[in-house]
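One structure coming up, written as structure tokens, with questions to follow.
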């Protein structure tokens, strides 16, 4: 553990009055929150509460949908990511994302991992080898695939694929890692491995983990946010959210009484 | 008097079946007839020597060369334009007025008769640009003619690349161009190749657009500025001017073989592409 | 590589590399976008170029001679500078009509039969076969017309053999693949539930097809026929070979005729001056007709997808 974790935490991302619209439909309603650096922020909430939308706002993936529109401010290390001078592509190098479904690109394991680094201009084979080993190790996958790095990634099991996706994201050396229900399709053992990886990784990264599994949030998240119908209902230390939530709706949800 | 539905049903099936049979038999018979009369006339000598007396005797070697070179040239020109158009339509824009104009233009171009392409190629490439009757004039004209085919097949192939691949690539900080070139095009390649092969097939069979642009020289071409005669043109001249029925049949058989082979290749590729996609 | 440490090591200063590359990457992306945009207009630009040059060569002639005398005069005698294309217009009209009379019913019937009354496995063989045949060069069809069809007509029906009838039949056969292929797609695009609904109400298969499917697929079928018409009007080499090419207004189906396309292709080789302009003017007429047919077909297709 590093020093200075107790008192004033550095704020990595600061969200101010963020609203997101898809055409007429408002998916996020005036969100304000701070995401602390080097911790795992868990986001829980029922389906369609805007969790995915929130993540995709943080790395501007919503830009791909021409119908989408964001209002308010999102500051990454104090700089507004939606400011016209900011490049979405450069932002995505700093804010990586792992999707709900494992989605390897149709190429080898090796090529999947070095996809990002190659785009940033790393051509040196030795350097790429180092990146592959380091990130696959960090994703707890290295031992299982080190002998078959040239195999088509689609032939891995679902759990392995998802860890590969995590490694692929880490290979870009991001500062923030967004994970959108990364374990929703996985068995408990694969889930445990990913959770182990995340707890180690928060040393170096700021992690935002959307999960449909409240147990998972209570296990590994340092702080937890509860989303409901596009609103941030409550954000606090995980222990507090799960034991003494301030809001009745949070209480209902975490105790499973929610409709 | 009302005819009972059972009987109309039977009648309809018989009539429709007969119509289908007529169609299929006619089409098959045409091929069978050409091959039956033509194949016995084909020999190695026929394929490997130059024609003599305007094609009355000898072989078809220069026209074989023309039939290979001209479609290849056309593809080389049309492929970047066609794939580029498809990429723009699928990756860089939404449906709007611009795409509607592009689509309308493409659809209309697809319906233009080949004689119009011939006229245009003749006046524009041959005359105004001063390229004369040459491979390059013919290649450019054919390229425009097959452009719609390439655009359509490429667009279909590109659209069938899963959207998730694009999202992943984008999330890994790829620009649109990098996504196109590293993920979209490699995965669409088999489908694009189908269009390429279809375009080649169409070029091989084309006569009207070629005869007025590439000319009908029986010399072996040695540069892009030389006139060439393709097999289709050669066959047309043999048949139309009654030079030699035997040679015409033989040329027709080779031509039909070539076109069937190319189209079969396209079909095979398309099926493999679909099979791969649905896996 | 040796055994790796469990905790990832600090990367070597990524930020400098990022900023170095950022501009290059951004420029490349922008450049690609503009290139693609420019290229995307290649087909449309070609179409405009074609229209421009055909019109540029043909329209001055039409203005000079007068549209009415060009279209409605029956005398075509380039040596005497008489340029009336009325017989060719009539010939194109009849040949196309005849081709449609043969190609449309056979093609649509084939499409219905193949989609509705034949097991999928057989359809999977026959449809590609028909599409393969679409690739057979038109000159081959024309040659068949000369060698087989024309003698047959001459011997059994009379006349010179090379005739309006022969042209219509050959064109009718040539457009079959187009009609079948597009109609089949249109019929296949009708949701299965429509047919099942009708069958559940006790209709026979033919009744359901006739009442439900044909109604739902109508636009697509019409589009296929219009496209085939465009093909038939524009077909050149096959028609030259079988239709006889005589410049006169046909009085029976057994008369030889010369279509607009044949007129262009036959004389283009040696025409100069006013004569060549007249051929381009013929091209203008053809171009306009085909563009109208194209637009109609595209509109029909749109209605299909619109529903």
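Letters A, B and C mark the chains in the order given here, with residues in each chain numbered from 1 onward.
Convention: contacts are C-beta pairs under 8 Å (C-beta built on N, C-alpha and C of every residue); 3 or more make two chains touch, one makes a residue touch a chain.
From a predicted model like this one, the values you see are computed outputs, not experimental measurements.
Taken chain by chain, the contacts link every pair, so each chain touches all the others.
More inter-chain C-beta contacts link the pair A-B than the other of A-B and A-C. Closest to the protein's overall CA centre, chain by chain, comes B. Seen from the C-alpha centroid of subunit B, the farthest chain centroid is that of A. Per-chain Cα centroids separate subunit B from subunit C by 13 Å. With centres defined as mean CA coordinates, subunit B is found 49 Å away from subunit A. Rounded to a whole number, the gap between the C-alpha centres of subunit A and subunit C is 53 angstrom. Residue positions 175, 178 of subunit B are each in touch with at least two other chains.
Contact of a single residue of subunit C with at least two other chains is seen at positions 25-26, 29. Looking at subunit A, one finds that residues 89-90, 93, 119-120 touch two or more other chains.
Residue ranges on subunit A touching subunit B, taken from their complex, read 59, 61, 64, 66, 89-90, 92-93, 96-97, 99, 101, 103, 105-106, 115-116, 119-120, 165, 168-169, 172. Looking at the complex, you find that subunit B touches subunit C at residues 5-6, 8-9, 12-13, 15-17, 19-20, 22-24, 26-28, 30-31, 33-34, 80-82, 84-85, 87-89, 91-92, 101-102, 104-109, 111-120, 122-124, 128, 144, 147-148, 151, 175-178, 180, 201-202, 204-208, 211-212, 232, 235-236, 239-240, 245, 248, 252, 255-256, 259-260, 262-264, 267. Every residue of subunit A that touches subunit C in the complex is listed here, in rising order: 87, 89-90, 93, 119-122, 129-130, 133-135, 137-138, 142, 170, 173, 200, 203-204. Looking at the complex, you find that subunit B touches subunit A at residues 94, 164-175, 178, 182-183, 187. Looking at the complex, you find that subunit C touches subunit B at residues 25-26, 28-29, 31-33, 35-37, 39-50, 53-54, 57, 105-107, 109-110, 112-114, 117-118, 126, 128-133, 135-144, 146-148, 173, 176-177, 180, 203-207, 209-210, 227, 230-231, 233-237, 240-241, 261, 264-265, 268, 279-280, 283, 286-287, 290-291, 293-295, 297-298.
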